[in-house]
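Each structure below is given as structure tokens.
Look for subunit A in each of the two complexes below; its partner is subunit B in the first and subunit C in the second.
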Partner chain A sequence: MTYLQFLAILPFIILAAAAIVVILLIAFKQSHTVIQVTGFIMMCGVVFAMWYVRDTLPRQVPPLLVVDGLAALFTGLIIFSVLVVGLLSYIYFEEREENPKEYYILLFLATLGSAVLTISRHFISLFIGLELLSVSLYALIAYLRNRNNAVEAGVKYLVLAALSSAFLLFGMALIYMETGSMEFSAIARAIDASGMSILFVMGIGLILVAIGFKLALVPFHLWAADVYQGAPAPVTAFIATVSKIGVFAVLIRFADAIHLQQNVLAVTIITIMAIACMLVGNILALMQQNVKRLLAYSSIAHFGYLLVAFLSGNAGVGAAVFYLVAYSITLLSAFGIITLLSTARRDADDLSGYRGLFWRSPLMAAIFTVALLSLAGIPLTAGFPAKFFILTTGVQQHRWLLVMVLVLTSVIGLFYYLRVISTLFASPPLTPVKERTLHPFFYVATYASLVVLMCLLGWLGVYPGFVVENVRAFLSF
Partner chain B sequence: MVITRYHPVHALLYLAVSFFASSMVFLSLGAPFVAALEIIVYAGAIIVLFIFVVMMLNLGNETARQEREWLKPKVWVMPAVLVLLLLIEMIILLFSNDTEPMQIAVVEPRKLALSLYGEYIIAVELTGFLLMAGIVGAAHIGKHKKEELHRFLQNGQGDQQKTKRTRKTKAITNEQTALHE
Partner chain C sequence: MILVWMISILLIGGVACWLVAQRDPLACKWTALVAVVAAFLLPVVWYLRHTPVVDGNAWLIDYQVNWIPAFGIGFHLAMDGLSFVMILLTGLLGILAVLCSWREIREKTGFYFFNLLWTLAGIGGVFVAMDLFLFYFFWEVMLVPMYFLIAIWGDFNRRNAAYKFFIFTQTGGLLMLLSILALYFIHGQQNNGNYTFDYFALLNTTLGNNATARWIMLGFLIAFVIKLPMVPLHSWLPDAHSEAPTAGSLILAGLLLKTGAYGIIRFVLPLFPDASAGIAGWAMLLGVVGIIYGALLAYAQTDLKRLVAYTSVSHMGFVLLGVFSFNQMALQGVVMQLLTHGVSTGALFALAGMLKERLHTRDINQMGGLWTAMPHMGALAMVFVMASLGLPMLGNFIAEFLILLGAFEVNPVLSVIASLGLVLSALYSLRIMQKVFFGQIQTITDPPADVSAREWIIMASLTIAIVFLGLFPQPVFNLVSGVVEQVVRL
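Moving on, here comes the complex of A and B:
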């Protein structure tokens, strides 16, 4: 490994080191606060390392990894999400769990897995990254032992993720049998030379099944609602953002390498999946009374929208990245509010608990409203330009059916987002004020970060040009 | 024998025997390295791990009875049919003579080690992290069960220990009463 290659993977090494450092801190019996602050600093270190090495990109690290603009973008997004999730976790776990420290090890390991996914160009690194992500997630989902829901969700995720890993491995084995290689570029060369055989297509299909499980695409979405509901709120935010960003990144890279979007069969299947995602996600969310389940169904719908951009191939990558940026900021602020409202016994997931939130806490209600409006894609929030870019790419590629479904389902989606917002402004019932036991600094920090997120949403909505330019600059690496 | 025994320890011993047997098969096929790996990895590590789990979970006659209840024909007929299908397939393949002999390339341990610790070193290290995630997660969830039992006992018997745990449960019960009011 040369010096430049080492430099290129430096951010990922720091990320891996963060998990080790947390273990050592636990071994030396440091407090939760120390671990939290150290983790925060390490994550900032990853971002700085990314910034420091950006001139050396793109760099191949054969045979497993490649660090390029796409990877840098997605990793940056992942680290940003983890920073926010970590901040939310402090309050959440300090209040409910006598043993919140191992949480950070698992959190950083899952992040490492997701980051490895974004830089993998080989089936081995893809599989190890995915397993690292899922194995950490099993434990993270079931982290709160007292809740039956959490354990149930953990077991569900365990069984389904193990099943999808089996599909993935089988698909990889079939492709390896046909092409004799596990490297994306070598696979592409092999199919250019000899065309796609039936076994190869089956392999791709099996891999798509596994990725569909991870992204909760219809018809592999059945775990999503239960896991979102059962997992602790920060972990749900993590699943909804970090794990899906990583898997989506590797999907883009793989599809780009083998030109998946030029294969008629694959395009048909993905189109059907996208339409099913948009319809099923939005319709299931319509009458949902549980906010976490509602967000789960809405995330299914959002990944349906993302598939529209994905189908456009290279032209859609910029739109997809921008959509993911807007989507993760939005979801992080929504889950931030859920975390802040949760009590020690259970998460604030019942819609009736949000009744009249505006009159109790205007700031929280404002943040939540902006987040929901952004999810719905109302102008002046980040969701609007994001959806607009996706529509543009869809129209440019003449995918009229997809575009029509997207617009229609967005209207359906508007209904349930507005329903939640109207609940926020309804007259409040008398509820006991939540007791606060922690140092006020952490509340101030959390509130401040949520306000920053809200401002980001507004800024992206009004003036998306800056981010779009930067995304384009990174992608042209 | 492994799956028909009701007592887990007996089943595990039979499992060890079957591992040794399959490693002998590898040895007779001319692959001493794989045979050694089979014994070291499976028969050694996994069996030790299994026995640890069995001992820690403290299974006794109770589980044997439960196993007996689970092992009904309804449960094992479907897998048995599938396995039978595989067996038939294999027999057909064995008796059809039109297959060409497979090209066997012997990979030396040295070559394997060099590629693992040279080219694929990052994969090996990431696998280490994967194991770490598994261990930390298992340790955390395993710790739960014991503590939960502990708490139920404390709830039943009143104030025996003034630990942090009891204070937390008290806080929770206080909150419950507050909610009821």
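Moving on, here comes the complex of A and C:
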């Protein structure tokens, strides 16, 4: 490995080191605050390393890894999300009896897994990243083990994730058998030379099943609602953003390498999945009374929208990245509010608990409202340009069916977002105000960061040009 | 730059209202009033100082900067005669909307005026945006605050009404967005990859009357006729109008419906001349159906605001009929109808609001004989009821007369049926007067107070406006003649 190659993967090494540092810290000083602050500094270190090496990109690190603009974008987004999730976790766990120390080890390992996915160009690194992510998530989901829902959710995720890993491995094996390689580019060369055999197509299909499971695409979405509901709120935010971003990144890279979007069969299948996602996600969310489940179904729908951009191939990558940026910021602020409202006994996931929030706590309700409007894709919020860019790629590629379904299901989606919003603004019930015992600094910090997220949503909504230009610049690496 | 100021004053004023209201609700009301007056005095003062000659295709103000250059999106505002008269209407009704809410809104005042001002900003933006992306942007900006106005300060059934309003309009809006995108790509491909959302550039797209053009045109048209509303798509309107607070109804009827008509005149006809000529027959037919259907349903209502809402359906049918006549006279009438309907229906909603404030009901069966207690209000109501039924000397007469005259040249049968609408309008209008102000005096314990000074200001300005439009319509015709000629030439 040359020096430059080492430099290129430096951010990921720091990320791996973060987990080890936390382990060592626990041995010496068991303080939640210290771990939190150290974790924060390490994540800043990752960002800094990324910034430092940006000019040396893109760089291949054969055979497993490649660090290019796409990887940098997605890793940056992942680290950003983890920073917010970490901040939310502090408040969330400090209010509870449970010892949160190991939580951060798992959190950073899962992040590492997700980040490795973004830079993998080989089945081995893909599998390692995915397993690192999944195995950490099993524990994270069931972290508050004395809650019934948590254990149920953890086991559900464990069983289904293990199953999907099996699918993935089988698919990889089939492809290896047909092409004799596990490297994306080598696979691409092999099929260019000899065409796709039936076994190869089957392998792709099995891999798509596994990836569909991780992204909660219909029909592999059955775990989503239960896991979102059962997991602690910050972990749910993590699943909804970080884990999906990583998997989506590797999907883009793999599809790009083997030109998946030029295969008629694959396109048909993915089109059907996208339509199913949009329909099922939006329709199932309609009558939900549980905010976390509602967000679960809404994220299924949102990944349906993302698939529309994905199907456009290279033209859609920019739109997809922008969509993921907007989507992550939006979901993080929504889950931030859920975390802030959660009590020691249960998460604030019942819609009736949000009744009249605007009159009790205007700031929180404003943030939540902006997040929901952004999910609905209303102008002045980031969701609008995001949806607009996806529609643009869809129309450009003449995918009229997908685009029409997207528009019509967005209208269905409006209904349940508006339902939550009008609950926020309804006249409030008389409830005692929750008592606060924590150090106010962390509340101020959380509030401040949520306000920053809200402002980001507004800024992206009104002036998306800056991000669009930068995404383009990164992708042209 | 004037237009940018106009919109930003409203946006900033809205935020200021919200902040001020925490200290002092009264100051918040004054802030709102000052902001609205200032925002709309700007274009008026500008006009008086420059007194530009409006002829042909003259654009009075044109302001353009880049916004998202990567996608060819510009921040392009421009104003011609048509935009100017619509801005005038927005200003008048905006000021009155603030005055109407002065006493009606007692709680959450700050947030209320925030929403009111942002809606007005959106409407103002819609009338001057000359970039299709920007237009869509403003189109939605006026929607969300309006939703809140209905959903928070509305009447008993407000949540459903607000949903219905939002979902109907949003469906149309998204279809329009798709059409905008399709047009964007077609134009880009015709012009060697010069992708832009600019209205003036897109005007040069050659589309003809093939299936593609028709679909794209329909996307725009559906968005606009939902707002207008055209008959099968009107069902959001009675609910939204009757549940909204007074100022909300005023803005809905007076301005939001006009954005639909404006959109058809500004975008559908110039962008797709051939395709819209192709469906003109159907559109005129649906317009006539709307006239008759709205009038009949208005006659059957017992809820005063619902009644007025259905009269809007009927009057907007005239707009649809006139627009698709492609006839100079009819189009002049349409613009006139937009203004006069805004004023007269706005006044009727304001009256309904005043009655509700006093009697706490909208049911006309529980009213009656109110002239004895409130002679002034009765007289004012008489003026606007007469305007609504199309009495000469008042603006609506000129508008509807011109539309019928223009449409008669194109399609005599439909025009004859449409004129039946005038007869029906006399029926429902007189029924309002008869039920509310004449007839059996209801036993009310304390007689309601007559018109207050603030209400006098509101009603007087509307009365002056409607009489002026009825006697001197020529200035309006001069202002819009350029746009009208341009559309007719196509």
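In this text, the second predicted complex is superposed on the first by the 474 of 477 C-alpha atoms of A that agree within 3 Å, B and C clash if a C-alpha of one lies under 4 Å from a C-alpha of the other, contacts with A are read in each partner's own complex, and residues count from 1 in each chain.
Throughout what follows, a contact is a pair of C-beta atoms (placed from the backbone, for glycine too) under 8 Å apart; a residue touches a chain by one contact, two chains touch by 3 or more.
Only a predicted model underlies this, so the values are computations on that prediction, with no experimental measurement involved.
Enquirer: So in the superposed three-chain picture, is A:A249 touching just subunit B, just subunit C, both, or none of them (first/second/both/neither)?
Expert: Neither subunit B nor subunit C is touched by A:A249.
Enquirer: More residues of subunit A in touch with subunit C or with subunit B?
Expert: The partner making contact with more of subunit A's residues is B.
Enquirer: Could you look at A:F384 and tell me whether it touches subunit B, subunit C, both or neither (first, second, both, neither)?
Expert: Second partner only, subunit C.
Enquirer: Between subunit B (first) and subunit C (second), which does A:S422 come into contact with in this model arrangement: first, second, both, or neither?
Expert: second
Enquirer: Can A:L64 be said to touch subunit B (first), subunit C (second), both, or neither?
Expert: first
Enquirer: Once chain A of both complexes is superposed, is A:L373 in touch with subunit B (first), subunit C (second), both, or neither?
Expert: In the superposed model, A:L373 contacts subunit C only, not subunit B.
Enquirer: Does subunit B (first) or subunit C (second) touch A:I124, or do both, or does neither?
Expert: The first partner, subunit B, only.
Enquirer: A:V468 contacts which: subunit B (first), subunit C (second), both, neither?
Expert: Second partner only, subunit C.
Enquirer: Overlap the subunit B and subunit C contact sets on subunit A and report the shared residues.
Expert: On subunit A, the subunit B and subunit C contacts do not overlap at all.
Enquirer: Which residues of subunit A touch subunit B in the complex?
Expert: Spelled out, the residues of subunit A in touch with subunit B are 9, 16, 19, 23, 61-65, 98-99, 102, 105-106, 109-110, 112-113, 116, 124-125, 128-129, 131-132, 135-136, 138-140, 142-143, 145-146, 154, 343-345, 432.
Enquirer: In the complex of these two chains, what residues of subunit A are touching subunit C?
Expert: Per the stated touch rule, the residues are 359, 373, 378-380, 384-385, 388-389, 391-392, 395-396, 403-404, 407-408, 410-411, 414-415, 418-419, 422, 425, 463-465, 468-469, 472.
Enquirer: Can you list the subunit B residues touching subunit A in their complex?
Expert: Within the complex, subunit B touches subunit A at residues 119-120, 122-123, 125-127, 129-130, 132-134, 136-141, 143-145, 147-148, 164-165, 168, 171-172, 175-176, 178-179.
Enquirer: For the complex, which residues does subunit C have touching subunit A?
Expert: Touch list, subunit C to subunit A: 67-71, 108, 133, 136-137, 140-141, 143-144, 147-148, 151-152, 159, 162-163, 166-167, 170-171, 174-175, 177-178, 181-182, 184-185.
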